[in-house]
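Two complexes come next, and they have one chain in common, chain A, joined by chain B in the first and chain C in the second.
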Partner chain A sequence: MKVHVIGTGVISALGENSAANYHALSNGKHGITADSSYLDSFVSGIPVARVMQSNSELAEMLTVSDRLPRTALLGMTAAKEAVQPFIKEMAGARIGYISGTTVGGMDLTEGFFRQEMKGKGSGKLSDLIYHECGKISNLIAKEIGVIDFVTTLNTACSSSANAIMLASRMIKSGYLDFAIAGGTDALTAFTLNGFNTLLLLDNELCRPFDSSRKGLNLGEGAGYLLLASEKMSQKLGIDVHAEVSGYANASDAYHQTALSEDGTGPSLVLKNALEIAGIHPKDVGYINLHGTATTNNDIAEGVAIKKVFGDNVPAFSSTKAYTGHTLGASGGIEAVFTVQSIVNQKSIAALRFNTPMPETGLIPVTESKPLKIEHALSNSFGFGGNCCSLLFSRKH
Partner chain B sequence: MDDLQIRGYCKLIGGKLIQDGICLLESDAPFAAFLDQVVKQFSVQHPRFGKLDRLAQLAYACTEILINKLKSQNINLTEETSLLFMNASSSLDTDLRFDKSIQSMASPSLFVYTLPNILLAEICIKNGLKGENTFLVAEKPDPELYLLQIQRIFRDQTTHICIAGWAEILDENYDCSVFLIDRIKAGAKSSTPLNISSLNKILS
Partner chain C sequence: MEIYINSSFAISPYDSSRNFIGMKDGRFACIEPDYDNILDARQLRRMSRIMKMALTAAKKAIDDNGNINPDAIITATGLGCLEDTGTFLTKISDPDNRMMNPTSFIQSIHNTMAGQISLFLRNTCYNNTFTQTSLSFEHALFDAVMLLNEKPDNSVLLGGIDELTTLKFDLAERLHLAEKRSNGYYGQGEGSAFFTLSGHKSKVIVKEFILPFMGDHSDIGNYIEAKVDTNDAILLSGNPGNLQDPDDETIKQLFEDDRIIDYKQYCGDYPTSSSFAFWMANQLLNGGIGMPDLDSDLSDVIIHHSYPGNSQSLIHLCRS
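Up next is the complex of A and B:
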């Protein structure tokens, strides 16, 4: 059973829907324009990619309560965009909502503690009820009306890529007819402090795969694919964007927060995703990199790409230079971008690239230009060495 | 449900190293010096033992000593080995150290150990284990909880061996017990079947 992508939904610093995001990508316009100071973290003045809308603006657009965690509001916006056009057609089918998130309701939890520190009992306990990652999924699933199967994955920055992999496998094996799969994460002081402690933040704009890169910029957002079994998409005569033709997950088993220098995990998932699909490396037209712009990630990923593709490295770029690193949402958001690059048969330009890394000499595609893309990969690597690669193929 | 058995245990508690009921080392030294002695005397190998936090060091050393002993009895780990660890204080011992480090410069090397389950990864990576991992936080070692969880783990037929343990440290108070469980072969008899009383003996 083939797995088809029949819809997309995304919200990021680039805009509030798929079209706005793709418009910014094709015009080389990034969204890393905010200053971290508003997050009340240990570090201020660091660039972050913030979604323009406030919580109350998102809540108003959605007609829901603005007391919900930002992660849920972002997720609802993107998931609704993906599902809305097909709500009627999907009635009566088995629908799953599979989502990745890493911060859950942390923004409200932080608000609680800020208040509570002023005096015992002054924090609102009700702000803690959405803290857990799974609560976010339940809120979103309820809002979009999915009740058949709901689950949450947290494998750090590969969470939502793994969500798409799980959803595809469930459709393939006949457990689901449709799935909304991807992820959502809001910016919080918690993640900014954590990445700052690990010395992984750049205080300038990030430069993926460039030899001068110093670290990542954090972002926020949500991205979902609406997946359908081939049987369903044929029966309903739905327009298919692309096919999920391959996926793979592997552990790097090296370090809590760093990839192995020889890119063991990344090269395993690239190789295995191609193998599952039965596709030769030379037939891949584009790779949407994990490309965080940390010293360590880009070397490991570059080494892995060279290992798998040899001298025939396809066009590649990192869209984190546009959206920042959206953590648990990045796999979902970038899956949408990868599908869009297939649909439009166009590359997405790497931003702020000047000099290749001496370790690999790899040069990303720096123009948004027409490109024959039959197959495209989307990489997501998480802390703990959890690596995932998704392969999407053009639908003729 | 297959019948399960305990194949040996190792304990590091209050300056004592106890293996299968026999005290092999006793010392008045504080934790760091005691562990140093244990590591040297029982040739605990790890490429960067000094970089692990105290909780991971404790659990790792105790597990290695058990594994080495069992190897000598021809009981070898397979890839399908699962891990089940518990403690009471989670990673609080390292959390407090990390909190102190924030006053000057937050330490990345301490930060990555502000989760208790990191110790599972250290054991898995060293031994190439790919089974299921569980880390639970409980007030005290509860034999019934261990029994329930171990039975759950073995319900998955791919698990052949489970390494279970209690790994607790906060300042100078530490208490670590690690034991290995596998299935009793059909028709065979075991001297230490897995049950509440055998668990009680190890965990008390």
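Up next is the complex of A and C:
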């Protein structure tokens, strides 16, 4: 059973829907324009990619309560975009909502802790009820309606790529007819401070795969694919954007927060995703990198790409230079971008690239230009050595 | 394909060898082994408590399965690494304390356990972590079974882990549980239970499991009536303490009273407590020590995990 992508939904610092995001990508316009001090006055002056809308603006667009966690509001916006055009056609089918998130309702939990610090007992207990990652998924699934199966994965920054892989396997095995798969994460003081203490944040704009890179910029957002079994998309005569032709998950088994320098995990998932699909490396037209712009990630990923593709490295770029690193949402958002690059048969330009890393000499595609893309890969790697790669193929 | 439980190990509030339950004032606490005999000192120094419990249970389950390095590591946790999450949250909320180190942030992430187990085993295989409130373990089990059906030669390490911290205990008591406790709620719990599953024959088969999306609520009752001889079966019920729950009552009516065990009186209430029930079922079917006295012709155990107002699930284990 083949798995088809029949819809997409995204919200990021680039805009509130798929079209707005793609418009910014095509025009080389990034969204890393906010200052981190709005989240935390102690980690200030660091650029972050903030979604333009406030919680109350998102809640108003959605006609829901603005007391919900931001992660849920972002997720509802993107998931609804993906599912809305087909909600009637999907009636009666088995539908899953499978989502990745790392912070869950942490923004409200932080508010509770800040209040408690002023006086024990003064925090609002209701701010804690959506702390759990799974509760965010329940909120989003309830808002969409019609959902039979809801689950959540948290494998750090590869969470939503793993969600798309799980959804694809469930459709393939015949458990589901449709799945809304991807992820959502809001910017929080928790993650901002965390990455700051790890010295992984660049205080300038990030420069993926450039020799001068110094770290990542955090972002927020949500991205979902609407997946359908081939049987369903044929039966309903739905336009297919692309096929999920391959996927792989592996552990790098090297370090809790760093990838191995020989790119063990990344090369395993690239190789295995191609193998599952029976696709030769030379037939891949584009890779959407994990490309966080940390020293360590980009070397490991670059080494892995050279290992798998040899001298025939396809066009590649990191869209984190546009959206920042949206953590648990990044796999979902970047899966949408990868599908868009296939649909439009166009590369996405790497931003702020000047000098290749001496370790690999790899040069990303720096222009948005027409490109034959039959197959495209999207990489996601997370803490704990969790690696996932998704392969999408063009539908003729 | 038949899927078997090849080995299991649990760190829980229940010491089956002494028939002792580690519970005080509504707080269940794991009875932890002496880690010095199990993990090496250098690793132990930096390891959080939940990590020690997870790694130890995983290691014991793998040792008991002939030390076979699994083809997949799948963990479930409802709330993740609460101690480190609480520590880091407290630090970032205190305007006077800006001396932070990244350790508690690094260890706060839900997949820390699965990642560290892969590191410990030098295992580069499939690695995933489910976090879907009280269905986290069921969904991890679902993934394990789907994976074994995709690759019948594989073996899977499956685990459910949640920790109870003082902070979580206090906040949950403040939120609603103190009141519930006066109405029969057993108390908050924790645990770490790991299993190896594969197609290799052993004493216990994972016969069937039913999740909400596989059918409506009545299907669980229908299934038991059609497929289980309740005279030779035990029901492990997930009711957290005689709370009113129509789903729970419907299923309990199918069993005689002496065939029903409310398993949360042994481990307390926590999101992945069905992993404790999975361990207990495996012990019962293997005639494990310290289990409630049962006749020897026990052939089936039904785990019914419901929660008032929430989704329910069924797991059916039986003797092979």
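Note that the second predicted complex is superposed on the first by the 392 of 396 C-alpha atoms of A that agree within 3 Å, B and C clash if a C-alpha of one lies under 4 Å from a C-alpha of the other, contacts with A are read in each partner's own complex, and residues count from 1 in each chain.
Following the convention adopted for this analysis, a residue touches a chain if its C-beta (ideal position, glycine included) is under 8 Å from a C-beta of that chain, and two chains touch if they have at least 3 such contacts.
Worth saying up front: this structure is predicted, and the values here are computed from it rather than measured.
J.: With both structures lined up on chain A, is it a clash or a fit for chain B and chain C?
T.: Taken together on chain A, chain C would clash with chain B, as the superposition shows.
J.: Looking at the overlay, does A:Pro356 come into contact with chain B only (first), chain C only (second), both, or neither?
T.: In the superposed model, A:Pro356 contacts neither chain B nor chain C.
J.: Quick check on the superposed pair: does A:Leu198 touch chain B, chain C, both, or neither? Answer first, second, both or neither.
T.: After superposing on A, A:Leu198 lies in contact with both chain B and chain C.
J.: After lining up the shared chain so the two structures overlap, which partner does A:Gly384 touch, if you call chain B first and chain C second: first, second, both or neither?
T.: both
J.: Looking at chain A, which partner touches more of its residues: chain C or chain B?
T.: C
J.: For A:Thr109, decide between first (touching chain B), second (touching chain C), both and neither.
T.: It touches chain C, and chain B stays clear.
J.: Look at A:Ala250 in the shared chain and tell me whether it touches chain B only, chain C only, both, or neither; answer first, second, both or neither.
T.: Touch partner of A:Ala250: chain C, not chain B.
J.: Would you check which partner chain A:Gly28 touches, where first means chain B only, second means chain C only, and both and neither mean what they say?
T.: A:Gly28 contacts neither chain B nor chain C.
J.: Select, from 41-49, 239-247 or 293-301, the region of chain C that bumps into chain B once both structures are placed on the shared chain.
T.: Answer for the clashing stretch of chain C: 41-49.
J.: Which residues would you name on chain A as touching chain B in one complex and chain C in the other?
T.: Touching chain B in the first complex and chain C in the second, residues 42, 194, 197-198, 253-257, 384 of chain A appear in both lists.
J.: Please give the residue numbers of chain A that touch chain C in the complex, ascending.
T.: Touching chain C: residues 40, 42, 94, 96, 102, 109-110, 113-114, 116-117, 125, 128-129, 131-135, 137-138, 148-156, 162, 166, 169-170, 173, 175-176, 189-190, 193-194, 197-198, 249-257, 264-265, 268, 382-386 of chain A.
J.: Hey, which residues of chain B end up touching chain A in the complex?
T.: Residues 102, 106-108, 111-113, 118, 121, 124-125.
J.: What residues of chain A sit close enough to touch chain B in their complex?
T.: Touch list, chain A to chain B: 42, 194, 196-199, 253-257, 384.
J.: Within the complex, which stretch of chain C touches chain A?
T.: Against chain A, chain C makes touches at 73, 78-80, 88-95, 98, 100-102, 105-112, 114-116, 118-119, 121-133, 135-136, 139, 143, 146, 149-150, 171, 174-175, 211-213, 271.
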